[in-house]
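Both complexes below contain subunit A, partnered by subunit B and then by subunit C.
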Partner chain A sequence: MQPILSVHNLNKYYGNQVGCKNMNLTLYPGEVVGVVGESGSGKTTFINSISGNLIPDSGKILIETGNETIDFLEISESLKRLLIRTELAFVHQNPRDGLRLDVSAGGNISERLMSIGQRNYGNIRQTIFKWLDKVEIDKSRVDDFPRTFSGGMLQRLQIAKNLVTSPKIIFMDEPTGGLDVSVQAKILDLLRKLVRELNLSVVIVSHDLAVIRLLADKIIVMENGEAVESGLCDQVLDDPQHSYTQLLVSSVLQV
Partner chain B sequence: MIELNKITKKFTLHNQGKTNILVFNNLNLKINPGEIVALTGPSGVGKSSILKMIYGNYVFQSGQIKINNHNIDHTYPRNIIELRKNIIGYVSQFLRVIPRVPTIEIVMEPLLEINSDQDEVREKAEKILLKLNIDKNLWNLSPLTFSGGEQQRVNVARGLIRNYPCLLLDEPTASLDSVNKDIVLNLINEKKDSGSSIIGIFHDEYSRKYLNAREIDITKISDAK
Partner chain C sequence: MNNVLKFKNKKNTVAAQDEIYNFAYLDENTKRMIRRALIKALCIPGFQVPFSSREMPMPYGWGTGGVQVTSSCLTTDDVIKVIDQGADDTTNAVSIRNFFKKTANIKTTEKTSQASIIQTRHRIPEEKLKEKQILVYQVPIPEPLAFLEPRYQETKKMHALSEYGIMHVKLYEDITKNGHIETAYAYPVKTNDRYIMDPSPIPKFDNPKMNNNPAIQLFGAGREQRIYAIPPYTEVTSLDFEDYPFDPSKAPHKCSICGSNESFLDEIITDDDGNRSFICSDTNYCNQRMENN
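What follows is the complex of A and B.
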């Protein structure tokens, strides 16, 4: 099996300041990779640099589409935009960053569909209803504006909006951050189901080790912009080898 | 078949004065298909560590672990993920699940990885839950609010719904009453008879005898003090 995404020696600096350096990642189809570390460790810089939100200073990002291998940092801007609308998706921590608040819920979901050329109103409407159902938002809310939605509903709407074009690779930056724990559980359950059902490949950033343990197959631990340890998720959490990972794991409060 | 050859395992606690704890030096173990091995010895001696090394949760410093001739190699996490999907099953002592997910779905999950027929998988999950005396009314509830014994049986149902060639059991009967204990032990015996290589920790002699297990006293091979 070929990795669907591979990142080699990626570096991103802000002036002299390290954003992230020497980062590597291999993501196979159906796999979830978690990126953990404390605030300021470079997690978000890394996920932004590999998803097209930021331009890294050096490194290589290869995306396997099934027909060809795409060198993500070398392709034209228009092809990159197309990829971001079709093969890739990005779920923000704050759903307000990923949604249009002055467009109805249905309108948000249909945006990516229309951007890839779907025009048939009936078909689009049907797809919208299918996705509202998948993320457990009542159909009757289709024409409501997102600003009338609760935080958890907004996050589920953002997930639907992103997944509607069946992207192969999903990037998520703290998708359950800022949600209360009962809503968080529901989103985690939804994400796990979608990963299995649609064979999604996911890179997920979180400072919450419990979230990563429940979702991720593999893990990258970052400190000061660098990966200090990586590997099988439960191995790194159960038997951490690096002193920083040991500190991180032993700092988690037990409930 | 599970094989451990010349395993060295130690823990280095970087934040506690770089303390080194040696658990095993030259550990050798072999579990044949259709055989049950029971690890014995007081707690802290390394019984769970052995299971965790086989499952890939713990790294080891030297030696070799082979599962049906596949190496457990932490430089290729993908391979361990595949082994877990196809070959190694693990029933842990404690249930770790996403809150609010219904019991029936938790039990279905391992089977859904290899079979996408929802109805067929649901039927199998219902069957094993019935067998384990989990009341029908509980199936659509999250097991997190269940009693200790019920949680353990849900965990067993999830671990035993598949037929893994290799099975690791960490005190699967610890908090069960005698009736349910026998049910779980019978299920384990069925797996043995179908040719699984099984290694486990069973805290009571009754279980070990019932399973006709080959007992290995870890104190004799462990370096943990």
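What follows is the complex of A and C.
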């Protein structure tokens, strides 16, 4: 099987500061890769660099679309933006960054559909309802503005907005950050269900090991902009080899 | 003051007005700059060309863009008509007409068919335009995406890459809120199957007239410093949904003066009891119908 996304020797510097260095990643279809590390370790720089939000200094990003392999850093900006709104999706930590707050919930979900050329209001409406149902938002809220939504609902709306065009690769930057524990559990539940149902390939960044353990198949541990350990999720978390990973694992609070 | 006196004393010839104003107010270099922008705009229908808008002797919002475009197109043989919301006799129309009378010493008319240049605010004349006529629109906000995407850099990219999904989000919101597309003026159009364009705040009733029009259509936005254009016989389509097609719509009334069933109507409240009547917004069209009857 071909990996759907592969990253080779990716570097991103902010002046002399290391953003992330020598990063490698292989993501197979239907797989979830978690990126963990403390804040400032370069997780977000990494995910932004591979999703098109930031331009890395060097490295290679290959995306397999099914009929061809695309060199993500070499393609034209128009093709890149087309990919970003069709094949790729980015779930922000703060859902307000990924939503239009002065457009109704339904309008938010429909934007991607219309940008790829759907022009039938009835069909668009049907798709919106289907997705509201999938992310467990009550259908009666379809015409309400996101600003009237709770934090957890906003996050679920953002997920629906991103997944509506069935993108192949989803990037998530701390999707459960800033939510209370029970809402976190709900979102995680939802994500797990969607990943299975739709066979999504996901790169997820989190500082929360529990989130990663629940969702991810593979894990990359970052420290100071570099990957210090990577491998199967259970293996790395149950038997951490690198001292930093050991520290991370041992500092998880037990209830 | 001296200049004005000189003007009054001399005969109303082109030579006479030349001493006071350059022909049609603007200096030749400015006109050349604007003509360049106009040619570029005509080559790329619907594309907004930046130009260095000049201070005009009227406030922004009164048609400074339109006046600059008209001024750059005028020749001594031109006959100009100016309308404001369809009417030849409202303040804006009268003042701009007088402006060109004074600065270009040019013939003016109220008859659509006799004008070679028509400057308009918010209407397209009812009478069909012909080849070799120029229609100049006054545009307040040229960017159709402005209310949806406030970042100008971003809207430029969206135009360049034809990323127009968001435009339909606006129409979607309209249908969701009102059951139909509520946008009644400045209804967005796609020009030559490429650029999405703001037709200036004309009623959507006028949108179909832009399509395949034999006349040249020029748009000038003075404050926003943009010029765009539709060359003759260009396809202009109004955005819509398959199941909610574009509907030009019009008030279900007749003009109470000329009885026309086809023209765009203004609603006029006639007394304190809320009685109202409807009359043609295009005064020249209405008058001509009355003369012919």
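What we mean here is this: the second predicted complex is superposed on the first by the 255 of 255 C-alpha atoms of A that agree within 3 Å, B and C clash if a C-alpha of one lies under 4 Å from a C-alpha of the other, contacts with A are read in each partner's own complex, and residues count from 1 in each chain.
One rule holds in what follows: a contact is a pair of C-beta atoms (placed from the backbone, for glycine too) under 8 Å apart; a residue touches a chain by one contact, two chains touch by 3 or more.
Because the structure is predicted, anything quoted here is derived from the model rather than measured.
Once both complexes are superposed on subunit A, the partners subunit B and subunit C fit side by side without clashing. By the touch criterion defined above, A:78 reaches subunit C but does not reach subunit B. On the chain A superposition, the C-alpha centres give an angle at subunit A of 160° between subunit B and subunit C, rounded to a multiple of 10.
Contacts of A:107 after superposition: subunit C is touched, whereas subunit B is not reached.
Of the two partner chains placed around the shared chain by superposition, subunit C is the only one that A:116 touches, whereas subunit B remains out of contact.
By the touch criterion defined above, A:68 reaches neither subunit B nor subunit C. Applying the stated contact rule after C-alpha superposition, one finds that A:182 touches subunit B and leaves subunit C untouched. Touch criterion met: A:143 reaches subunit C, while subunit B stays clear of it. Once both structures are fitted on chain A, no C-alpha atom of subunit B lies closer than 34 Å to one of subunit C.
Taken together, the two complexes place no residue of subunit A in contact with both subunit B and subunit C.
Residues 157, 160-161, 163-166, 168-169, 172-173, 175-177, 240-244 of subunit C touch subunit A in their complex. Touching subunit C in their complex are the following residues of subunit A: 77-78, 81-82, 85, 100, 103-104, 106-107, 110-116, 119-122, 124, 142-143. Interface residues of subunit A facing subunit B in the complex, by the touch rule stated above, are 1, 26, 28, 31, 181-182, 185-186, 188-189, 192, 196, 213-214, 217-218, 231-232, 234-235, 238-239, 241-243, 246-247, 250. Taken in their complex, subunit B has these residues touching subunit A: 11-15, 52, 56-59, 74, 77-78, 80-81, 96, 98-101, 109, 112-113.
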